[in-house]
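The following pair of complexes shares a single chain, chain A, combined with chain B in the former and chain C in the latter.
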Partner chain A sequence: MNRPLKRSNAPIFWGLFGAGGMLSALLGPVLVLITGLAVPMGLLFGADAMSYANMLAFAQHWLGKAFLFAIVSLFLWHAGHRIFHSLHDVGIHAGPGAKAVCYGGALLGTVIAALSLLSMGF
Partner chain B sequence: MAEKTITIKVLRYNPEQDQAPVFQAYQVPFSDDMSVLQALLFIKDELDETLSFRWSCRMAICGSCGMMINGNPKLSCKTFLRDIYPETVRVEALNHFPIERDLVVVMDDFIDKLERIQPYIIPAAPRSLAQGEYLQTPAQLEKYEQFSSCINCLLCYAACPQYGLNPEFIGPGALALLHRYNADSRDGASAQRMELVAAEEGVFNCTAVGYCSEVCPKHVDPANAVNQNKTTAAGNYFMSFLKPRGTSK
Partner chain C sequence: MSKRRPYVRPMAGWWRKNPFFIEYMIHEGTALFVAAYALVLLAGLVCLALGEAAWNGWLGAMKHPLVILFHLVTLAMIAYHSWTWFKIMPKTMPPVVIGGKRLSAAMITGGGLAAVALASLLALGLFWGMTR
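Moving on, here comes the complex of A and B:
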């Protein structure tokens, strides 16, 4: 026990990964079904449910903003972490560069999502 | 009728003499009830006395005879020729460990890790003889019982891709044992062990592959132990920001 132990900062990334995983498992498939198939095919909520005006109104409400931000950001953190750890399985030895790309990508997406949502106003 | 035989290919290596490990094939009489360990013992007794391997109990309780059998970490005493026959049996030293000689691996790294997790009960408060024995309910026993079945055979280490990538990782077996003591109602040292759990060598090296639990011959579930400790370590990490400086442990 005489070696100095350095506390891992992994809980931050693991926490974001876990939260994103939970959210994507619960909502991912149903969101694809609704926004990608059911609404465009007119099977649900009527033809203009996802019109620009409706979507803008959704994104301008604070609850809509919170939902969109959580979906975009946490999905990205989940994907970044998973991709980073899966690189080894496809034969790529993941170093600091791969880490920067995976987590940096998620961070960038988070910042873009936050700025876009804020710039739309309330 | 001619006697049935099976081919055993063994990875031979003597680091002091050989440039690199090489396979050597042996023909061994085959019978339905023979284990791979018995085949190796036949080779040692009858064909080649220079073959080295660890073994003791022949009944999957000592944890000595772990090796790679056709690419999978197995106890050789618990793996039967009949399940492989008529294919060739390929036997190699356990993955992820340096070879001492032939099928014998250097275990020093694991022994060191075993010491670091403090694998013994550390009571929260000293207990006098007059206080009598500890009493435990069946529910309290159940919390740690499966994790106490570990026989230190190292199959989970040979199975763990993350230990293969980063040997600093405390690894599945030692973390399952750490959890066994943390989860014991008689123990009061989980805060002490947290430093190691939450360290860079600790639980967050695990990426939930789960192969460790699959290969365990004693049905311990190291992946479960590691992932329960990820949750407690993450909780502990975020709680540490809420405590006054200097007391975060």
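Moving on, here comes the complex of A and C:
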């Protein structure tokens, strides 16, 4: 008796969901506005605002690197967790396979983001 | 096998019968757009790492009318996520007691939305300053 309780891993995923949800709530709309609408349409900012030189310099700075990594990976963890927990609502069984796809996808994206950012150097 | 055929309540389209659940499904559905936008950014990161030609290819793809349309819809959906995130927040965060009184739901939601406005202005200003 008195076996130690097995710890749940749920708080980790829930924490990543919350962090990503907060970050996307605060910065999601303005980021879409900048990268998806203003810059491609040449509004508000200069035509070469997101030029290769500008963006590479941003991604090579440790702060820019941390920012880009946090945005991409936490957005993915937030979305993966939320989609996983909505599967049951749309009639899809949320079993281990679904969990592997949702969280595995977020993990894969996190690894690709980290490798891309690291390969650009500091 | 048993010949019993117990009644199973049909569940197809259950959420379309109640406005509360329609709203619920839309705000949960914002996650699809958060994921899609994260993948667009991830593709951008990979292109940036691959070099100037790849990066310019990504920038060019962002200008395609369908991609612009996608970002318009995504802007609306992620903005809706921001709104619901802070609307639900009084129920999802632990109670905050200040001076013996519980912080009201309106204060929490209002504070969150004010933070969105502030963060957006800050991001626009920083981006403008860094790229001019």
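The rule is short, and it goes like this: the second predicted complex is superposed on the first by the 116 of 122 C-alpha atoms of A that agree within 3 Å, B and C clash if a C-alpha of one lies under 4 Å from a C-alpha of the other, contacts with A are read in each partner's own complex, and residues count from 1 in each chain.
Following the convention adopted for this analysis, a contact is a pair of C-beta atoms (placed from the backbone, for glycine too) under 8 Å apart; a residue touches a chain by one contact, two chains touch by 3 or more.
From a predicted model like this one, the values you see are computed outputs, not experimental measurements.
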item: Which of chain B and chain C A:117 touches, first, second, both or neither; value: second
item: Contacts of A:65 with chain B and chain C, given as first, second, both or neither; value: neither
item: Of chain B and chain C, the chain that contacts the larger number of chain A residues; value: C
item: First, second, both or neither for A:7, with chain B first and chain C second; value: first
item: Touching partner for A:24 - first (chain B), second (chain C), both, neither; value: second
item: Intersection of chain A interface sets (partners chain B, chain C); value: 89
item: Chain A contact footprint on chain B (complex, rising order); value: 115-116, 161, 165, 195-196, 198-202, 204, 207, 230, 233-234, 237-238
item: Touch list for chain A against partner chain C, complex; value: 20-22, 24-37, 39-41, 44-46, 49-50, 52, 54-56, 58-59, 68, 71-72, 75-76, 78-80, 82-83, 86, 89, 91, 109, 112-113, 115-117, 119-120
item: Touching residues (chain side chain C, partner chain A) in the complex; value: 11-12, 15, 25, 28-29, 31-32, 34-35, 37-42, 44-46, 48-49, 52, 55-56, 59, 62-63, 67-68, 70-72, 74-75, 78-79, 81-82, 85-86, 112, 115-116, 119-120, 123-124, 127-128, 130-132
item: Residue ranges of chain A touching chain B (in the complex, touch as defined); value: 1, 5-8, 10-12, 14-15, 85, 88-89
